[in-house]
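For reference, the structures are reproduced in the following blocks.
Below, chain A partners chain B and then partners chain C, in two separate complexes.
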Partner chain A sequence: MAVLMALPIGMVVWFSLQNNVITNASPQFVGLEHYLEIFADAQFHAALKNTAVFVLASVAAHLVIGLAFAMLLNTRLLPHWVKTIFRTIFVLPWLLTVAIVAVLWRLILNPNGVFNYLLVSTGLIDAPREWLADPNLALFAVVLINIWCGYPFFMISLLAGLQGISADLYEAASVDGAGPIRAFFSITIPQLRPIIISMTLLDLIWTSHQFTLIWMTTGGGPLDRTELLSTYTYKLAFSQYMFSAASASAVVVLVISAVLAFAYVRHQRARD
Partner chain B sequence: MTTTTVTRTSAAVEQSRPRRQLSTAGRRRIAVALTLAGLIVGALFAGAPVLWMVFSSLKANPEIFAYPPQLITENSSLAPYLAILNDSRQLRFFLNSYVVSLAVAGLTLLVAVHAAYAFSRYDFPGKSIINIAVISVQAVPPITLLIPYFGLVVALGLYNTYPGLILTYMVFTLPYAIIMMTGYFNTLPRELDEAARVDGTSSFGALWRILIPIAIPGMVSVGMYTFMIAWNEYLFALTLTRTDDMRTVPIGIQLLMGQHSYDWNQMMAMSVLGSLPVILLFIFFQRYFIGGMTSGSVKN
Partner chain C sequence: MNSAVRHDRWRKQTHVMVAALGVVALAAGCGSGGGSEEGGDVTIEFMQWWEPELPDGEFAALIEQFEEENPGIDVELLSGPYASIKDQVIAGSASGTMPDVLGLDGAWVHDFATQGSIADLSAAMSDAGYDDSQLAAQVQVDGATRMIPVVNFAYPMFVNNSLLEQAGVEVPTTWSEFQSAAQAVVDSGSGASGFVAALGLEKPNGINIDILPWTWASGGTMLSEDGGPAVNNEDVTATIEFIKEMWDAGVIAPGGLTMAEQDKVEEFTNERVAMMVSSLAHINLIRENNPELDFSVVPLPVQDGYTGESGVRYASWGIGMSANTEHPEESWKLIEFLMSEGANGQLSALANGFPGNANVTPDFTESDPLFEDAFNIWQAGYPVSEFTGLPLADELMRVFDEELQQVLAEDKPIDEALGNIQTEWEGSF
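On to the complex of A and B.
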């Protein structure tokens, strides 16, 4: 099992240090040349920046929406069956294959689509926009889609966490005169903290791996505005057949994930 | 939850004053209304796009962008579904997805059950390796593995074949499955299989005759989780297959997008058909599903 992970990683590092792997029968060792090459590439810089914006905005929104929905679902004011129905609806976006999410939102965000209709008819914008083709809007649009399909994972874990908080804590707080807002910040958040940190780190890792959504909505365009490290790497390898440069880029992506994974593992250890 | 506690305590304090109890009931009603309003707004956010997909899949293609938008149009019918179901190329995508996903789920379970039994019942020097493998699967970017796997799959002659996809997916599903099944076996008392072994059954027999029948709920949850991973996968399916007879549904939907001049109704019909297996699994086995999700991510 470990071999199936370690071997490919070793291979990709080895590829990145050579010239013309896979396409060339006898590749030459070129050291760090490919790393210098991509570090000097403006497109790589754009991808790095877009990935940071995409990931941070998505994860922050996943956390806020996931927590809000989890708290709504955790209410004791409504019967169980009502909550089950709403929970099923809330999980729906996460059950759809990302490829399907991408096609569905291309329909919704179409210039003639229902999203533009709603915004124009409520007066929020004056004319329909090309959400996925406008260089100034495309990154916002893919973040919006990613928020929609990614929050349920947070929600489910936070809901499990909320159900684990003892009601005695809240009762003690209200006896001490704490209102709902005070209780939220003094009880709910501290109690959920371990789950919030774990889920945030995992979501940072996973969102930074997002490929399908971008590939099927914008393909990284327009003008590289939605190019992420994953699509940048994929294009190097499978559009331009520069497998060595792609491997170097893939190693950079790996290092970023490894740093986050290290933080995640340390946090899990501290929890145990 | 907070509001309830507050209401309850004030109710207890003010029990002697019936006039104020009315206002407590009133406050409770307001809290219920606010919660319901929040839930409905959330349901619109989550559910409206899905509803739009379903209703669009029934429209005639020229009606897709009708102005103003309508849920049900004059020519709404099942025709887009019939078009997909009568097209052998599209059906092949579904067949491929089912073959690959069911094979991944079945084979993963078969391997995971045996590995988990060993991990749960015997002391193993390599136990911590499986934890490392699980974290690696969560953390290593698929794009990083894609290039070497592409090289390996081509070198092994598995490019554009079912086994190439199935084996690749199992690398991702097995660590989860083993961890989840080990956790499940750990909750089953050792006395069960030890009693069987005293009666002369082999350890293999004890697993199959005693443990597996009572581990069905755990296996259902692992099976669904792996099925879903395989069913939804896109990047490796895109790269490791080349011809239509090996493509899976997520790629098929993309091909539908490029090929015709955007038959949105058929694309939506295919999306609905492609979403159904996972949504139905979720609705029928919600409890296992959520247990699997949380144990797969947070608890390991």
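On to the complex of A and C.
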């Protein structure tokens, strides 16, 4: 455990406190210089802001869509075979690796792609848009892709939770005159609350680490509109060879993740 | 001593041993880079991206030939796509576990040389008594050769003949003719764009392939006489103005700001653009994916009024040697073999590139006729690859790309953008 976890983390923290580590045979201790450097960097601010928008929008949509589809799959209004088809379709995005998702959506969102064709032919837009290359649309586009590939995990977990809610509760509510909306907010949501909190915290951690999808669709561009902390860190290390500054950026991500992980562990303990 | 204390001590000793074993195993795993010696034979590692880009089995056959000619030397090929090789080489450079011999891109050379991770090939050639006059080019840093180009790929302009014919225009030879031709293609109703530039930031080499070749073709440069940055000079400014005019006129294919090189080739292959600047290495790919496509390779148009020689942008499969190799003699033998007339001619023919050995004449008898056209363009001009050997070359391109994107998408003044690039570049040089 010490070798696999503490050692790499300790090395990254140590690297972040030295100057020109790795590319310099005799690095020197510079304290918090690299942290001050990246905190003053406009690119870092843009990456931080984009990461916040990307993560919050993705997680919120994962939750809402995941819950909606889970309820659809749990309803008694649809026949079993229809629900089986829906379940298969809904879970499909989860089966694809991120690289495949990126390639697939690059094709779909291409100015000559299916998405533009559908929107233009239905009259929703008047001309094809550059979804991934337009500075005003790119972040929206990558959030859309991330929502598509991430909601099934919420859906499956919430479906399991929904199936565990006793039907007696809904019957009792019905007897007391509660309608479906009241039952949703007074029974479904409170019963699912522990799962929702756990899933949300886990999704916040995972989504904040998203790198491959961004790198393979936009590379952090156009301009800096889809630059996330992950791509910012990668560029510092592998494009500029500033491994110490990259380590400092990685430590910032680590701290954010650690806060979320702490909240998750605390919540799990409270549940137990 | 009671049993509980003994048990506790035994547990502690076991934990210490397991931890120590873990550290030793990790150290052994991390330190496994480079070649080895087994039973008297020397095994050297050769990491490159070339094998996957060549016909199946051809590169391995060439290496087998080397092994037969050099008994006692085994070569272990470590092959992968270009992007993954780059990351692995950087990681190997950082951790001191580089392979003995490695494929290099000119854009990496300065950084690896200053990190001390690639060997001085001038010394290796001198030690081996090698006559370097047969080498077409050598990439040097501080006067020492660090990379030898093995195969060179020219980047002429690719033209879709059908789209130009449909638009009623001839192949352009000047910038103004090019703009008119691109506009005519867009106006022809074919649905195609006139030109495509792949300016994605994932790999910002579009600056090197689609933008600055226009400067070089007209005899311009982005460098000062002493090799420093001069990116805000008249040559580059004129190029950016030219690109911006086409962008604003809507003749450049949409989606370029996040497009990668392969996307650009796909756009051309599928007849969605009429003209592009691309590597000769893509001719086979285009033929394979769209056998019906009627296209030519032509010289890149020059600035109106320019009558001098044109610079032809090229890229290379370069080769270098790890500074830490335990088998420098064997590693050099492999490099020497790949640069020999026989092997180099064979390799460049397989790769559809131009040989790195100056004594080899390309054999076009079995090649696509377009290669001969390209060779004529290559010989009529002079080779240019200004990013080769520059410090942080990829980062220089990225800085340029980010500013260019602002010029194109947000109408940032060109002078201001080039001024910013110049300032950033001066900090890197």
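The criterion applied here is as follows: the second predicted complex is superposed on the first by the 265 of 272 C-alpha atoms of A that agree within 3 Å, B and C clash if a C-alpha of one lies under 4 Å from a C-alpha of the other, contacts with A are read in each partner's own complex, and residues count from 1 in each chain.
Here, a residue touches a chain if its C-beta (ideal position, glycine included) is under 8 Å from a C-beta of that chain, and two chains touch if they have at least 3 such contacts.
No experiment lies behind these values; they were computed from the predicted model shown.
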According to the stated criteria, A:Ala270 is in contact with first (chain B), second (chain C), both, or neither; which is it? neither
Who does A:Asn112 touch here: chain B (first), chain C (second), both, or neither? both
So, A:Pro93: does it touch chain B (first), chain C (second), both, or neither? first
For A:Gly221, using the defined touch cut-off, is the partner it touches chain B, chain C, both, or neither? Pick first, second, both or neither. second
Based on the superposed arrangement, let me know which partner A:Gln240 touches: chain B (first), chain C (second), both, or neither? second
Now for A:Ala42: first (chain B), second (chain C), both, or neither, which partner does it touch? neither
First, second, both or neither for A:Ile205, with chain B first and chain C second: first
Looking at the overlay, does A:Pro135 come into contact with chain B only (first), chain C only (second), both, or neither? second
More chain A residues touched by chain B or by chain C? B
After superposition on the shared chain, which partner residues are touched by A:Leu124: those of chain B (first), chain C (second), both, or neither? neither
Residues on chain A lying within both footprints (that of chain B and that of chain C): 2, 22, 106, 110, 112, 215-216, 238, 243
Interface residues, chain A side, partner chain C - complex: 2-3, 22-23, 25, 106, 110-112, 128, 130, 132-135, 138, 215-224, 235, 238-241, 243
Taking the complex as given, what residues does chain B use to touch chain A? 1-6, 9, 28, 31-32, 35-36, 38-39, 42-43, 45-47, 49-50, 52-53, 56, 64-65, 67-69, 129-130, 132-133, 135-152, 171, 174-175, 231-232, 234-235, 238-239, 249-251, 253-254, 257, 264, 267-268, 271, 274-275, 278-279, 282-283, 286, 290, 293-294, 297-298
Chain C residues within the chain A interface of the complex: 19, 22-23, 26, 86-87, 90, 94-95, 111, 114-116, 200-203, 253-259, 263, 272, 392, 394-395, 398, 401-402, 405-406, 409-410
Give every residue of chain A touching chain B within the complex, in rising order. 1-2, 4-5, 7-9, 11-12, 15, 21-22, 68-69, 71-78, 84, 86, 88-93, 95-100, 103-108, 110, 112-114, 117, 121, 148, 152-153, 156-157, 160, 162, 167, 170-171, 174-175, 179-180, 183-184, 188, 195, 198-199, 202, 205-206, 208-209, 211-212, 215-216, 229-230, 233-234, 237-238, 243, 246-247, 250-251, 253-254, 257-258, 260-261, 264-265
